[in-house]
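In the two assemblies presented below, subunit A is common to both, partnered first by subunit B and then by subunit C.
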Partner chain A sequence: MNGDPSSQLAFKILVLGDSSVGKTCLIHRYCDDTFYETYVSTIGIDCKQRETMLDQIPVRLRIWDTAGQERFRTLTTAYYRGAQGILLVFDITNEDSFSHLSYWLKNIEEMGSADICKVLVGNKCDLEKDRAVPTDRATKLAKNFGVKFFETSCKTNECVTAAFEYLASMIKAKADEKLEKHGSLQRAHSWHKDSFKKQSWCAC
Partner chain B sequence: MYQEAFLTTYRTFISSKELIQKLLQRYTRFSRAKDPKRKKLSKNAFSLLIRVVDELCTEMDETLVQLLMQLVFQLLCDGELMLAKIFREKVLEKFHHHQQRKERSRHVKLLSSYQLSTKSHTLLDFKPEQVAEQMTLLDAELFLTIEIPEVLIYSKNQSEEHSPHLTKFTAHFNKMSYWCCTRILENEDPKEREKYYVRFLKIMKHLRKLSNFNSYLAVLSALNSSPISRLEWQKQNSEALQELSMLIDSSCSFRAYRQALAETSPPCIPYIGIILQDLTFIHIGNPDNFADGNINFAKRWQQFHILDSMRRFKMNYNFKENPKILAMFNNFEDYICEESLWQISKVLKP
Partner chain C sequence: MATQNGFHGVMNGVTNGTADIPMIDEEDALVYQDGHLQAGSVNALIQHLVPTTHYYPDRTYTFAFLLSSRLYIQPHQLMQRVCQMCIMQQNLYSEKVTKESLGKFGPHLIQLLGEWTDNFPYDFRDERLMKNLKEITQRVVVIHPELRKEVGILMHNLIAKLSGLQKYEELLARINAEVAQRLLNIMPNTDIYEVCASPLVLAQQLTHIELERLSMIGPEEFVQAFCKESELDRTINDLKRTNNLESYVQWFNRLSYFISTEICMHLKKKNRVRMIEYFIDVAKECVNIGNFNSLMAIIAGLNMSPIQRLKKTWEKVNKEKFEILEHQMNPSSNFGSYRSSLKAALWRSEGAVEDRERIVIPFFSLLVKDMYFLNEGCANRLADGHINFDKSWQLAKQVTEFITWKQVECPFDRHPPVLNYLLTNPVFSENSLALASFECEPPENHYEKDRYKQLK
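Right, the complex of A and B next:
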């Protein structure tokens, strides 16, 4: 970890969606390191991280992956704790993963905090010939739920960064909004600290 | 050891049928050679073939039996009467064993529907220890049916069809969880709810002693689920739950849980979600083949290590079935769906 962690903004992002939609691939792509390659279960890392700049401020994104555990419905809810953003993923070649989004959205509504930021992602857009979910259907759904929609591909890297960083900027905007409500710059610093405290159980 | 790793993971790059065909080919090719070195190759192919047949699971069907019978015929022609006899018996035994298992799972279903009619007890009628034991019996029965290759295949393509026992096992986990939520929320009186809550806490302690991490987590996730956790609970009870939750704290890649598991000796029922997650990460992070087309065996070696630790725990628990408790469980079929659980929770505490 670089610099003084207590002065750095950190956001917790959860990547959700049915199994085999490519969640781990997306994270792998975005964080672009060899963590999984050398993955050893005892390594003690529980989420992937990437640092990015938002409005000239460095922000650390902590990205949590529930891969492999989707089937244990009741257990994945534990991951929602403290999450500020959700990247909800479906597979554009898999109709079921799209129709299941309503389940996920409902779940998020119930488990996540009220002001959690969401982005909808249709993954595997390089497989145009196998497409089962037309773009406009997904756009419409996203509009209904008031979230932004991205089509991504882990293969070509299309829009992967854009999706994650749009979500991060949303979280940042929401955080700034809260700050403004508090009104005083003096409290800005303590807010940063608070947000870190909330995150401190994440032993990344 | 390398052979074990191969037998556990070969399905990620070749189907059992293809492998058997190739081994048959190799056997045939060298079996009639004069050169003793070549003769030895055919012997090696034969012994590997036996191991492959031994480890076959759901793939054992009529076409495979026919294929293997060709070898029996050939062995007879070569005058290897003893080998032919042993091999034939092995194939048939394996085939019948698999058929029997299919029959058996049907039988279990019949039994549970019979139990429905005799249902009369509630959870509070039984000692937590006994309940935990019976939960463990049900878990163990399903856990032991899971074939190691299914788990590997699932981490690759998440196919329910190719991982039938694993799918059943995870469905059982979820049902058990909803069942626990239901037993608590169906009581209008908060004191009654608290009683059930406390009972589940006690059951969890016994599940921990039995090293049944699967049921432990199913109950834990029920008590931690939003419809339950948003209600008011006595401080000492919610604190007790927090303490029990430490085991599955996700920080440091579930260090607490992994440590507990490492210190456990079989029989044990692990939480399969972590195994699936580890396998998923290994699968995504490592290519199946190298640029030159060679198979990436280092990846298979990692997969084998995770699967082997799972195999280690497969062992029977020696508890007697308690028909009354099993009838009360009714296979955890009597539960309210997630959405209704929420509605009830909101009625109880608007």
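Right, the complex of A and C next:
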């Protein structure tokens, strides 16, 4: 089991929200750019990945892009399977994308697993002059649903990493909690440290 | 190695200073790699499209360029530029111009316009394009009277396609109106099983609807769907003249909701079990036919939460059959299992002798996704500002496959009452579905109980 890359921690994250809120752009910003060239119709490649460090343990984030699929309302089911975290995105310059969040939240409640982690992201915060959703409205909504809120910009890279990695740390905390219940936390830590030494990983 | 290709003798008709289209110079040439067109300026690409007395563009180029050029130039602007170039290069409006001096230019131009109107007829919903088309063809006919008949056929075919589109839109509007009308009435107490007991016949009727909607989608609609995020940001309303892609998506959603409505409206568990098993059989027939879109809509319908939560109902269902089908929709490995099945269907289609073996109706959502990522993954322009024509080739390749699929004639008999039921029978909204589901099997956990209270 030691050092086997398949035993490395990996989290499945789903990026949801209306079309044109900038989901693909966010993922693009956070991950490397190699995915889309090789994606098309290639069997095997279906999400973007990035490795990051959480509590000194390398964690692989598998990020699923649902962009281009928003109109197919009944299809998101397939994507939810096995998802541990959701980055729910709206566009701060687009009121509709904000009011539509209740639809997405209900959808997540119904389709996602009970302990799925969520963060709310207001994207395009570099377009302050076109802002249609005041920060405090979004903060209030996030509070009501018990999720953390980030304002991001793909253009300036503001808070993009923070949003993804906060979500990842939430998922990890949940996973640790579960492991602790099984009393095997210590062992897990030791082999993760081991695999971290052998692997190259993204340092940014 | 990149080589540059000039346009010998192409610019003869242009005198300096009169044209607002610049002369082709070094920087404006096309870039080839291993004989394959890779990139070029917009201007050089348009030039490559315009026929002359001796030159006629390759069909695959014409298709790829007309398809993808709308990412950076609007069709009516392109048409205008093409006409201007023709007029200037051939001196079309000069009194000295003769049939002899034009050589093959006339037939070439009509051929090019024929390809445009054949492959992208919906572009000509734009009156500006139509006006340009009429003007230039009239001018050609004055010089080449023998081309009158061909121009007539071209216009006739184009008008037939445009009026076909209009009729289709009217039909959809009527269907939507009827759905709205019937929503006001009470739910009828019949179900799909009573209307059509045979899963095979239902799968065939679904195929009729799929092929009809699929056939109406213009190849350019895939590309236009991306334009809102590209350079033409502010002109999207100007560009978009069709909604066939959206109508097809709407049908997919309707079918999923239809499936779950038909199940949830039965208060007796026995009937729900029968209904689920019936739809599983229909889905199986869809696979046999090659109708993957209906298959996926049925699976999506059966997987909607109001249906999935009916545990007591599912206990009685033969789940094995469903699991085999559901495997088709497993998104892992980028829908690997579906893509393999699709390949098998394509293989059958290629060797087909009968129309029924030719049918391939792709899982549309994935086709849209592939196109979306193709667009996302490749830049429209290279670092030097040239158009990345490699992207155009790739878009064209994907869309060409789709065109073969949509051209298949549906060989099955039509059953109008069944079609009518599928298209117009009211379906539950999200909330009504949830409510109906709770009435079938009571809420179990806190979340469901709260939801039920809210809904009541």
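Observations, loosely collected:
The rule we apply is simple: the second predicted complex is superposed on the first by the 172 of 204 C-alpha atoms of A that agree within 3 Å, B and C clash if a C-alpha of one lies under 4 Å from a C-alpha of the other, contacts with A are read in each partner's own complex, and residues count from 1 in each chain.
One rule holds in what follows: contacts are C-beta pairs under 8 Å (C-beta built on N, C-alpha and C of every residue); 3 or more make two chains touch, one makes a residue touch a chain.
Small disclaimer: the values here were computed from a predicted structure and weren't measured.
Once the two complexes are laid over each other on the shared chain, residue contacts for A:Ala162 go to neither subunit B nor subunit C.
When the two structures are aligned on the shared chain, A:Ala173 is found in touch with neither subunit B nor subunit C. In the superposition on chain A, contact of A:Gly68 is made with both subunit B and subunit C.
Residue contacts after overlaying the shared chain place A:Ile57 against neither subunit B nor subunit C.
Touch criterion met: A:Glu109 reaches subunit C, while subunit B stays clear of it. Touching of subunit A by both subunit B and subunit C, each in its own complex, is seen for residues 20, 24, 28, 35-37, 39, 41-46, 67-69, 71-75, 77-79, 110-111. Those residues of subunit C that touch subunit A in the complex are listed here as 228-229, 246, 249, 252-253, 256-257, 296-297, 300-301, 303-305, 329-336, 339-340, 365, 368-374, 376-378, 394, 398, 447.
Interface residues of subunit A, counted against subunit C in their complex, comprise 20, 24, 28, 35-37, 39-46, 67-69, 71-75, 77-79, 81, 109-111. By the touch rule above, subunit A contacts subunit B in their complex via residues 19-20, 24-25, 28, 34-39, 41-46, 65-69, 71-75, 77-79, 106, 110-111, 201-203. Taken together, the subunit B residues at the contact with subunit A in this complex read 155, 157-158, 167, 170, 173-174, 177-178, 217-218, 221-222, 224-226, 248-255, 258, 273-282, 284-286, 302, 306, 338-339, 342.
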